[in-house]
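A quick write-up on the structure given underneath.
Labels for the chains are A, B, C, D, E and F, by order of writing; each one numbers its residues from 1.
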């Protein structure tokens, strides 16, 4: 506790942008169905789709002091991701912190706790994925850490990992695997485009995927 | 398990359309306050209002194989309704399956589990009522059944029942009662229109419904 | 039980309007972080921001009789706030009751239970903050009370208290403290405007708030 | 609504007793992993293990009138199972009702709602599996039905089905399948006894089940 | 905030003891089904049955400073009851605080938050009803209040109210109504004893309560 | 995925035993309030108090294949700790697996999912801390990993970390910090023993901790 790691490695921005464009569902599949945050994480508004290098925060319950500390560590294109040492739905983050984070190029916040001023955040186009919306304020009494590995909504996040977030939720891609995952995600997307065309034309998935033999083998009966 | 019923009886489309226009709250009242799914079922976007003949799916946890099978059974105007053999918030359904379902005339999905690609589904105008939004993918290993009676969000649904869904939730109308329920729902709507006019003019409900005598009898005191 | 208090004191409308304009998060901070309803209370649509004098309802589970009784007590600018004697997610309130309430100048409803007809309520521009959206109807059998102190979503509300509600949730301001809270809230807003400008220019919060000495004193280490 | 079915078919008591002795986990496996109630159903005390013929109750929220009606339909060895038309955690059942049910030979209650007087029920040795323990009383105003198919904690139960309940939860066995399920469950138990002995001696499951080849084939790496 | 009320009125001990002996379910019924805390409040061990004069605590989230302050206000036979200004499941109370409270004659704790050292508390015979069991510690930074009205688990509690708690949950009786409620509760118990005997002999509730005419009138059909 | 790490470092057994004897609440405090699992983790029976070296399992939803694999990696004094790649309340573990684990010296299981056969497990004296009790069985189709870092109930656990569990919950101590944490925990316990004696004698905590000056400084008012 009480540590701020100042130099973290980040993934190349082009890779981050590529992952963002693939979206959460595709990236999650492409990396073997891992890294997905819990389904209780909701966007404060619909339609945002971002990706960024994780600047991580570990914070005590109802105490947002470390958010202020973390903002200094932000670089253009980063995303803040916050876990707590004990569950809290207090509002750790509002429009003032968002103004400051946005001024440093931050693309969003993922927080396993609460957020407030959501109307302002929406107008600022600053997306947040959170466990709660709550006006309850925080104190500034106890240290946490910045840019250490943190657990957020059931997933471990290392600083510099790529965090992808959209209406489907949030997915974490390990920094060292990001380039590889992007390749797989793009391949998947190309394939999906083909499939979409086929399915839209009326071809059935059970034919396109040739599922009938295996279904029969398992004993599916049509009556 | 492992059964697909291919021929199901459906309600006349005009009745289905009528029920859709009445909406969930009115239909639920009209049929004596039964058939309403649990309140944890949420639409992925606001404003959709649909009704269709239920094509039912019983699926294992985290396994969406039967959705592929069910799509073949869809006819124009049907709605998919899925229950699981064990609770799951995994994403059973995304834009590819929606493309295929929509190509067959499916008007929506009601699923006691998770859904993904919600941005795409929204753009496709394919409404879904679900327990969760989650990118978590499913496997295709274990059989379930299609068009057998299933429990979905606390309600029993038979194939061919009419499923009505809007911003208030989802309500199931038994196939054999649909025509009668529509009559009652329409009568209710006519009556409500009158009441709305009366109330909008400033008349109080306790007067319009003549509640004062019974309130007094029960002992209500004004101080 | 079974009591309707007819004469309640209200706060001056200008103060109520002032509190509304400050919003929930600011008002909550300004009054020392008290009065905030639980975070499970959600608006049925985004963007509404209202404040009003509380007309309180204590209602039995699944019984909305007292809502009808309460509407008679409404004056222009009031807000309905309902607690239950036992938890319920039934739909206590729909478009007919909203029509009647709106005809009497009611600005919204805060309800620790369910609401229905949300599409209509949205079109009517009648905002509701609720625990659930559920079409389940209520009966009218058991008395409750109107304009007595009620507990709603973890907070005690007295009739005539000011209820402020927006996308961040709902906050209750005691009637006798409202003027003072407004002064503090406005002072806070002025201050926040300054801070926002400073932060937007790139100045860090840890500098603006002069946090570095205390962080160092607590032992924060930069590595 | 408002129907009491008086004559229901029941399974032979020896089969019911056999299923009870196998327990929930074994019965659930033996019948192909179906019929299990949701995991939120908890016994009010540990150690009870019962099975009985289902006398089903469909009850309105917070209204236990139909429980009184159902008790008349009980025969020696029956178990009461209650679903609601809308969710409720009110206390539908206490020591008076238990006294009456026990006098008629009822072996327990499974209720998708609340129960009270749990200390008395424990002393009476009357087991209950419920969603909640709550002293909140019910009213007696609205009809429900007895001995119709009901949904209870995600499962459909027909009157006369066998309900098995123990510390692991509650499982429903269709009446017509009960004899067959018992055979399978007993075969399973015999097999498990053998396995238990083998495993207790230190033999590994991956060897006993010969899992190593398939694990290797799937690509499991030991490092 | 920041207020300790030192002199509170208490109910006569004989009345408190009487209410304890009646138990939560009976007391709750006797006072017209009010005052019952939410069903999520659980005893840390089964079998305790206590009643005491409420010494109330309003505490900030994750901050148990006020518990230390409240203990000084305890008299023989009191019970501590704690609400928070924002939800928390942290462990506000453990064996040291219990030792201190017990030394002053405190009979138990009711807390809308977490508790820890439950094994020790059980061995000490110090009963607690709580929302959570959690080892998470609290800080001592922010003032709350002692012996002001607080909301705890959906109920308003005034200092000096009688708090009754057993395996069915927790019920609050207003100080000024306690004697009257005891009379009604005792009358109820006597009546229940009679009913129990009647029901145990096999007489049905629907006969004992003469429900058949009203059931018929409502339209109940036996088939 | 699909990796089994066979050689992990473990902490000296005397240290593990020492941590077990201190208990979760003390250990958690001693290491600076970190490492505590979420409060939804419950013991299947009360009174167990264990500590062991973590053998970690990362498992797919509803798939317990990796538990079989993990058992081979167990040594005397180890504890199994399981996280999932997607939430599940299925029963991953029952009496057969427990028999096998116990045969290898395993002292318990901590599982962020469900468990079954709890009556047998209780009789075997094999303690489990779990998110759910559910008879729902698992399949064996998809690989996970053994002895990699896993997230379990909000905490990161490395193989070989010390897992301490009792009635208060579960706490993880990093392997390299275990000796130091034990020292601090023992110091704490000694201190607590003194405090307990002082408090039992009637001395108030606010005096023993000398809280009065700081309370006064913060503005606490006695009225």
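In the analysis below, contacts are C-beta pairs under 8 Å (C-beta built on N, C-alpha and C of every residue); 3 or more make two chains touch, one makes a residue touch a chain.
In this text the structure is predicted, and so the values were computed from the model without any measurement.
In terms of the stated touch criterion, the partners common to chain A and chain D are B, C, E, F, listed by label. Chain centres here are Cα averages; for chain E and chain F they lie 31 Å apart. Across the assembly, chain A contributes residues 33, 36, 39, 60, 86-87, 89, 134, 136, 142 that each touch 2 or more other chains. Annotation, chain-chain contacts: A-B, A-C, A-E, A-F, B-C, B-D, B-F, C-D, C-E, D-E, D-F, E-F (touch as defined at the top). Partner chain E is touched in their complex by these residues of chain F: 23-25, 28-29, 33, 36, 39, 42, 46-47, 49, 166-169, 171, 192, 195-196, 199-202, 204-206, 209, 211, 215, 218-223.
Taken in their complex, chain D has these residues touching chain E: 2-6, 45, 65, 68-69, 71-72, 89, 91, 94-97, 99-100, 102-104, 114, 116-119, 122, 132-137, 140, 142-143. In the complex of the two chains, the chain E residues touching chain C come out as 1, 32-34, 36, 38-39, 60, 83, 85-87, 149, 151, 154-156. Of all residues in chain F, only 60-62, 86-90, 134, 136, 139, 141-142 touch chain B in the complex they form.
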